[in-house]
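Below: one structure, written as structure tokens.
Chain nomenclature is as follows: A, B and C, assigned in order of appearance, with residue numbering initiated at 1 for each chain independently.
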Amino acid sequence: MKSFFKFILKDLAAMLDGEVVGNAQLEVSGCASFGEAAHLDITFADDPRFLNRLDQTRAGAVIVPWDFTGFDRETLTCSLVRSKNPRLHFFRIVERFNPAKKTVPGIAPTATIGKNFAGGKGITIAPGVTIGDNVTLGDHVQLMAGVFVGDNVTMGSYTIVKPNVTIMDKTMIGQGVIIHPGTVIGSDGFGFTPSRGIHEKLIHAGFVQIDDQVEIGACNTIDRGTLGRTWLQSGVKTDNLVHIAHNVVIGENTLIVAQVGIAGSTTLGKNVIVAGKAGISGHLTIGDNAIVGPGAGVVSDVPPGEIVSGVPQMPHKLWLKVGRIIPRLPDIRKRLLALEKRVNSKESTP
Amino acid sequence: MKSFFKFILKDLAAMLDGEVVGNAQLEVSGCASFGEAAHLDITFADDPRFLNRLDQTRAGAVIVPWDFTGFDRETLTCSLVRSKNPRLHFFRIVERFNPAKKTVPGIAPTATIGKNFAGGKGITIAPGVTIGDNVTLGDHVQLMAGVFVGDNVTMGSYTIVKPNVTIMDKTMIGQGVIIHPGTVIGSDGFGFTPSRGIHEKLIHAGFVQIDDQVEIGACNTIDRGTLGRTWLQSGVKTDNLVHIAHNVVIGENTLIVAQVGIAGSTTLGKNVIVAGKAGISGHLTIGDNAIVGPGAGVVSDVPPGEIVSGVPQMPHKLWLKVGRIIPRLPDIRKRLLALEKRVNSKESTP
Amino acid sequence: MKSFFKFILKDLAAMLDGEVVGNAQLEVSGCASFGEAAHLDITFADDPRFLNRLDQTRAGAVIVPWDFTGFDRETLTCSLVRSKNPRLHFFRIVERFNPAKKTVPGIAPTATIGKNFAGGKGITIAPGVTIGDNVTLGDHVQLMAGVFVGDNVTMGSYTIVKPNVTIMDKTMIGQGVIIHPGTVIGSDGFGFTPSRGIHEKLIHAGFVQIDDQVEIGACNTIDRGTLGRTWLQSGVKTDNLVHIAHNVVIGENTLIVAQVGIAGSTTLGKNVIVAGKAGISGHLTIGDNAIVGPGAGVVSDVPPGEIVSGVPQMPHKLWLKVGRIIPRLPDIRKRLLALEKRVNSKESTP
């Protein structure tokens, strides 16, 4: 990746508490993946697939694990930087090469702001933002163009709301939260009751609470509680097009991958991973550290630490076996019918 | 749920045509679910799970079915309100505690409105709304911030369009419709035809018709007809992230749960339920009162009243059996192979 | 479909290089599908289902394949137009009856435009559009209401961006591209790394490249590359609610149907079709001309030209057999158990 910046390898290593092996004076002018790096680029290797072929990268420098010793200083064709977390540290360097644009704080004249607004220091409110009554924003909050914020919403400091996000009334958002474009927070849940032959709408009087350091992908839909709250606890990360229904609770540091749907009143524990396109029924409990496989259909509780896959969900190891057998079903059926025939013919033989 | 309001139980019961058993003068200060209610709250119980443990709620009052008799006046620890529809009536009380904010009608100065606009009494057009030419809005229509309305669109009275919704030209919307944020109505369908080695776009000249009392969830995509209309009949309710393709027809009071996709030219009858994440192929007919289970893949017509599940879809009761057998496939295969071996060995034995 | 327009059949045929059989002077006043056409309408038939029942349409004229001979001039009840591509030509006529509204080029006073903006001839920038710094738009580009365009974005000529679309910084868009409402392009990918017990965000320094003649449906989410690009090559068409993760590459003229999800760093070839709701795992290669069936779960590479379906994916023909056997699993299990019993009982018989 071309860049306007150049850094001396020694300085980059110092920034990471890393240690250079090779030419510490190397002038690094870009960063790239292992396979695409050119000779003035830095890259990283935290996996034997890459560590075993250091001689094949054209990168000028490679960040490697602190305890990596599988190299020969004599024949090394690139410099190394030993690091406690190569992936994380590589992306820290990528940040140095791609510094975030400094936003100029201020409130755009085309923004509309309701009564009793309380904004902290250094907030940025872009053109076309609409804010309701009784809204409180912490320091350095950024609301990008086209964002809607309803009444009685609060946001902690350093929270960033990307363009065209809709945040309905009573939503409580913590610090350092990132909300990607097109997402909707606090829409009414899907709650109706039969009455006189139609589905009568039930009021949704609850709210959404989003704790610190949560990151929400693009075009998510997170419904408010019917009563009480829908709650994403601190450190939760969601990917794109995720649906989270009313009164769902998602525990700390849980990851929800793209196109997952979680039905009403289900509770997920801490450090759970829900892989892409999985669906979880309502009123279930998914324990801490559980993993739900891609496309799984979860219809009953998942105990802590369990890994499940398939439709309906089953232990992941069992699903791997089942997945290998499903394509053999025509063969299994044929063999069963043949066997039946043989047993029948023997019985009819005197 | 804390509230600024207090109501006398007798007055609440009167509002519902209900009947108090116990202290009719009780001062109710909030409403909550059965498990979370505190001693001045009202809650409801319409299910034996709750009706059988009235002694366990801390609620001051519980709304119960009219014909419920399973209590002993002497030992009752809370007041009861007998009701013809406890769930509906409870949420009517929740509305009393959470009155909707009165919007101040008017047209924001930052809204942009095209030629030949006809707006009824008491309409609200929020900041940043853009309206095309020849648009007619009934009385008390509300268009919230960031809504786009194309040319030749009509809306009936009391329809509410939430923020950042996009309604393309020629859409016809009835009365009392609610459209949640981020939804797109009237986008072009996915229609191309091969020509000279590429996919040539076909014009989409049709429109979307949405009848009275329809409610559409957040981030839905409802494509216009290729020719003619895509049609959601009165009382249809859709959840979030639902895709409805060109020329689909959805009958009255049908419910479509989150992340469902319905392909082009399929027709659903009245009072159908399509559960979350189900997919329905194009050019099919789903009969009145049919139910499609969660995640089902519907590839052929479903007769009226039938309940189907699974991929490909099958009768729901059959799917329940199949779902129990799928995890046993490794065992079934093992037993088949063992049996084959035994039969083989017997045959080879003289 | 009623219309303000009338055309002489001879003139329509000439426009298509077609040839009239029957009344070339027929005055055509509308266009409709085969089943819905009335006597002054034109329709088309490119399929034996319709060609075999030309006597059943009420249409005044029918466009048929050039080499179609299955009619008798004497008894023909409508005029025919012989055409090299009946479907494409029919929709060309639909366009004549539904001419696109002429947009008046110009930049709305409520649009916000950053530094170093370069706009071509005849561009249209609607109310409420926000454009960042260093943006270049080709001739006749249209940005509709509520569109957000970040910094350093380029668009080729005749590209149309529909309302409420979000295009983040560094996105490169070609000529003749259409982006439907609510779509998000260039959001950060789902990239985190464990560090001190939490998921630490990795900077997403890459971008999205969209080549000429691409059409993107409503409410898509297309993430930027982590490093390098996410790339939709020329002629790609996506339907609604599609998720395309970081660093995905989609080859020329590939079709992606609604609600598909493609995980990070997967590469699709040219002329691939991915049917609705399919999911494709990360780091895979899908070959040219491959077809992925609806709802398929693709977890390994798909060779060029192969047709796969099912979860996990398998050859489509095998899946058709498997799909017929799955509902018979209860029967298969019963027969296996019965057979086991018979073999057991024979063994125990002396």
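Following the convention adopted for this analysis, a contact is a pair of C-beta atoms (placed from the backbone, for glycine too) under 8 Å apart; a residue touches a chain by one contact, two chains touch by 3 or more.
Note that the structure is predicted; figures quoted are calculated from it, not measured.
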| item | value |
| --- | --- |
| Numbering shared by both copies at the chain C-chain A contact, with half separating same from different | different |
| Turn needed to bring chain B onto chain C - CA fit, degrees, nearest 5 | 120 |
| Whole-Å separation of chain centres (CA-atom averages), chain A against chain C | 27 |
| Sequence positions of chain A contacting 2 or more other chains | 110, 128, 146, 164, 182, 219, 241, 259, 311, 326, 329, 332, 336, 339, 343 |
| Chain A-facing residues of chain C, complex | 110, 112, 128, 130, 146, 148, 151, 164, 166, 168-169, 182-184, 187-188, 190, 192-193, 195, 197-203, 205, 219, 221, 223, 227-228, 241, 243, 245, 259, 261, 263, 279, 281, 297, 299, 310-312, 314, 318, 321-322, 325-326, 328-329, 332, 335-336, 339, 342-343, 346 |
| Touching residues on chain C, where the partner in the complex is chain B | 1, 31-33, 36, 85, 87-88, 91, 94-95, 97-98, 101, 108, 110, 126-128, 144-146, 162-164, 178, 180-182, 213, 215, 217-219, 235, 237, 239-241, 253, 255, 257-259, 276-277, 294-295, 311, 323, 326-327, 329-330, 332-333, 336, 339-340, 343, 347 |
